[in-house]
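Both complexes shown next keep chain A, but they swap its partner, so chain B is in the first and chain C is in the second.
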Partner chain A sequence: MEDQKVIVDKLSSKSKDARRKASNGIFHGLVILFSLITITPIILIILNLVEKGYRQINLHFFTQIAPDSWDAMQAISQGKLIPGGILNGITGTFMMVGMASIIAIPLGIMIGIFLYENGNKRYANFIRDITDILQGAPSIVLGLIAYLWVVKYITHGFSALAGAVSLAIMMLPLIIRPTEETFKMIPNTIKEAGVALGVPYHKIILKVMMPTGLSGLMTGILLALSRVIGETAPLMLTALGSQYVSFDITKPASAIPLLIWNFYNDPNLVNLIWSSSLSLVAMVLALNLISKRIASKRK
Partner chain B sequence: MVNPVTEIKKPVLRIQNLHVSYDKNDKGKYAVANVSADIKKDQITAIMGPSGCGKSSLLRALNRMHELYPNIVTQGKIFLNDVDISKLSNIELRRKIGMVFQSPNPFPSMSIYENVVAGYKLNGIKQKKNQRDEIVEKSLKDVALWNEVKDALHKRGNFLSGGQQQRLCIARALAFQPDVILLDEPTSALDPVATSKIEDLLIKLKKNYSIVLVTHNMAQAARISDYSMFMYLGELVEYGKTKDMFTNPSDKRTEEYLMGKFG
Partner chain C sequence: MNSEKVTKNLLFVASIILILLAAGMVLTLASGSIPVFEKFGIQFIWSNKWNPTAGREQYGALPFIAGTIITSVLALIICLPLAFSASLFIGEFYKGTFFAKIIGTMVDLLAGIPSIVYGLWGFYYLRPMIVKLGLNAQGFGVFTASIILAIMIIPYATSISTEIISLVPNHLKEAAYSLGATRMEVIWNVTVPAARSGIIASYILALGRALGETMAVTMLIGNDNHIPKSIFGIGNTMASVIANQFGEAEGSKLSALIAIGLLLFVITGLINAAGKFIIKKLA
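What follows is the complex of A and B.
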């Protein structure tokens, strides 16, 4: 008892109190400092893109295809804006990401449900590990695989389909895990309520579990989309790029990141990389914000 | 006080030599061991017992809820109005035997209206709109929830209190006009006021429905049940009129449980 009393006295003494306040203040300051250090690059990136790219952004930029080098050179020598835009990139990106979604979303959700239902069975654990490995696989390797499967044997040439397949493989793990986690968070009693009404299993999944976890599923899907929308490496090996707007999935197609790479390699077009990057970042940011909004809704 | 008419009525459920085991491989270990009993029609039957005595397992065997979990093995026979329940399809069986769970579990993605008719909707049973409106109104009136939610039928039920949600779940079970309603500790997650509302409701409902109620609250069993079962270690120790059991238990274990010596 005596000892305890001494300790209490020491703790409440004034010097201790002041020191505690000071260390609290230092820690508080450090937290703010580090968070500033973290967000500074992000803000600088966006500011840089806006500063260098805003001049090129106008309606033409989104409605015309990429200019050729000669036209751009002439425009530059006359001191005009570079003509043309990134329409072929936008359509290509939408087409390939769209096809990738058609492949990856149903498949990913089904695998996620399988993992949820089979919890700790050995086979489910195996699939889970494979999914994690796939998530860590370098994207260029996935591009190579899509090249091997699709470019070589199915379309016999670079194609939008091959690009979509490589993106779909990237999307799969990003959809599978959130689906499983979302379903795990739904209380088991909700499922039992369905069973107690005599509802068949597939309808419980489709009409009870999926609507209940919809926001979680959407978050996973949107994050997967925002992740693959800016992928460049796998598309170089599969979709190759195209100068025209093309909706033929067996032909090469362009994409915004591919265009950025092309612009970068052409001294006459290099100024377009900023406005293209700005559009791409805006799209990814929008997807991220939407998925955040949906995710916060579920609470 | 006992109505002579109910005495002659046939039992709604007959349980014969029911065994429930949670482990396929361990044949000797039963959660419910050799239970036989007749559940009386239009009465409230309470199943009591200490935790782990098998009362929930018995209840869940009555509507074959165990089929959800492949590890659980059920042996023995259960007859609903002389029909073997293992011969009925899931939807037939569960239209006739509704269930309400421990914690309120309305479907979060559905409105109050959709929740009440969820059984019809999810099973693809087609109905006209006015027919459906009728079912919703009647079910919600039966559980005394209609006046509280009639202006918010098409909103989601998450603004409802726990007791209201539980009554919504009872309404969902009533929508099928079942013969039997199984309740698995329906008030253990509720406050006393909500609990007494549900108890009043159950007493009202027994005019038209046979009710089987699992409870670990002896006072609740004494208040509202007509018949009581006492289970211990998977065994049905005693089954009889609630009044008789509480005043003059015939088994020593029942007496000790009711005296609060264990459980």
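What follows is the complex of A and C.
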């Protein structure tokens, strides 16, 4: 009787063990399955973009402005490739992102240095909180702000400048934090060596700290650029879009994401969305990869 | 004044500019929304009527607040198992291996795809699937938008939680293993409790991202100015209504959209502050 009970106990604990092992195996399997599901969209997106977009991509695509609806319709009815390209988008993107960089990079680096210099003081923490709030602000809200500031009061109409301002506000926090982090990682001895030699403070920043942390700063800047280059929503409220290449910052300008939006809304041009999306994604990912390359070289 | 002081003052001025910028943003949005609050009172926030017809104008933000919360929370729910599995894959099961690196890179790439491209992909590839499944005749709606949003916020939900999970001290896990615990038991009873606040914080930050997403949602949610009837119904979020009604907006409609922008700014600010607060407590 006694023996029998022990055996039953052993059997049940064995089956319990088996169950625990099985559920462990199932859990492991689920983690792998869900991880694979997680990366499926990115693979599909890139494959779809390449598959549908590569045919339109040629030299003309980057050297000609967006076609008008009529030309595109004729080309489609003759079974030809849609003529024209995204040149006005490329120039607009470069102009607005360039202006945004001119505003945001120096200011962002200065604020980053300020935070580094002031460590854990209460005022510095306040600035950090504001930076976090700005970083969390939805891009469409930044578009509204630039509209209310620039479109309404400065350029009195949609303009590249307004687009640049919205992008600059977006870039600012993305520059501030990496700058501070980079400077924190520079050994104090390097800075102290400069101080001991009696080098003025601004020269220590410009000639010692910045060159030492250059790769860190570059990583932050490139990531910030890759974030703003694909922004559509704030530009819809500010830069509006333009059919031509225009370098007048007080006039509306186009940008690659804005062109994608226009193509998407025009049945005759809709075939151009894939090639323009492919170019945009390639630019963003290239910036990402370069910044990662720089970051990994640092380590 | 010597150069040291000049430099210090210059840096200080830069920090002042940041404060002025943030204060200016809030003041501009607030003053822009005054007309609509004057006209419709504070009820604007919880009124569900949106009628831009001249003469019978009436504006209420509730449909969009509801739409925003429903889509974002649904997106977070869809994203949870995926992001959590990816975090465990990278930070625990295959930590430091080639596979973890591949999955990690792929997840990072998700963050690099512009919103409008997600919108296009959702429109041309996801929407037909929704139609085929019979969930919605046109394939537009809250559910479609939430799936795309879920994909978009995966990298944000994954990044911090992966780091925290991989930082759980080995000796804690080894203690559990030595008692005969299986890997799953170790994860649920040791790793997750130890990394809990970090994991929660990263999901809160991901939610903050989802609230403000514009283009992809605008292209998929169906753009209807009523409270969504179900998760398969159509609707609008705060961000999407600004994007697709802004073009023809002036007068009190413009003011209503600015007020919605202000509400969105405040809500995302609060959500992000909650996430940052948890992270700070962690540190």
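Before moving on, here are some points about what is shown:
Assume the second predicted complex is superposed on the first by the 261 of 299 C-alpha atoms of A that agree within 3 Å, B and C clash if a C-alpha of one lies under 4 Å from a C-alpha of the other, contacts with A are read in each partner's own complex, and residues count from 1 in each chain.
Everything below uses one rule, namely that a residue touches a chain if its C-beta (ideal position, glycine included) is under 8 Å from a C-beta of that chain, and two chains touch if they have at least 3 such contacts.
In this text the structure is predicted, and so the values were computed from the model without any measurement.
In the superposition on chain A, A:A233 makes contact with chain C only, not with chain B.
When the two complexes are overlaid on their common chain A, residue A:A18 makes contact with neither chain B nor chain C.
When both complexes are overlaid on chain A, the residue A:I273 reaches chain C alone and has no touch with chain B. Applying the stated contact rule after C-alpha superposition, one finds that A:T131 touches chain C and leaves chain B untouched.
When the two structures are aligned on the shared chain, A:L197 is found in touch with chain B, with no touch to chain C. Of the two partner chains, chain B is the only one touched by A:P187; chain C is not. By the touch criterion stated above, A:I154 is placed in contact with neither chain B nor chain C. Of the two partner chains placed by the overlay, only chain B lies in contact with A:L214; chain C stays clear of it. 200 are the residues of chain A that lie in the contact sets of both chain B and chain C, per the superposition on chain A. By the touch criterion given at the top, residues 187, 189-200, 203-204, 207-208, 211-212, 214 of chain A touch chain B in their complex. Contacts from chain A toward chain C in the complex involve residues 20-21, 23-24, 27-28, 30-35, 37-39, 41-46, 48-49, 107, 110-111, 113-115, 117, 123, 127, 129-141, 144-145, 148-149, 169, 172, 176, 200-202, 205, 226, 229-233, 236-237, 257, 260-261, 264, 273-274, 277, 280-281, 284-285, 288. On the chain C side of its complex with chain A, the touching residues are 3-4, 6-8, 10-12, 14-15, 17-19, 21-22, 24-25, 28-29, 32, 81-86, 88-89, 93, 103, 106-110, 112-118, 120-121, 123-125, 151, 154, 158, 182-185, 187, 208, 211-215, 219, 239, 242-243, 246, 257-258, 261, 264-265, 268-269, 271-273, 276.
Note for the complex: chain B touches chain A at residues 63, 65, 67-68, 89-95, 98-99, 101-103, 105-110, 118-119, 121-124, 169, 172-173, 176.
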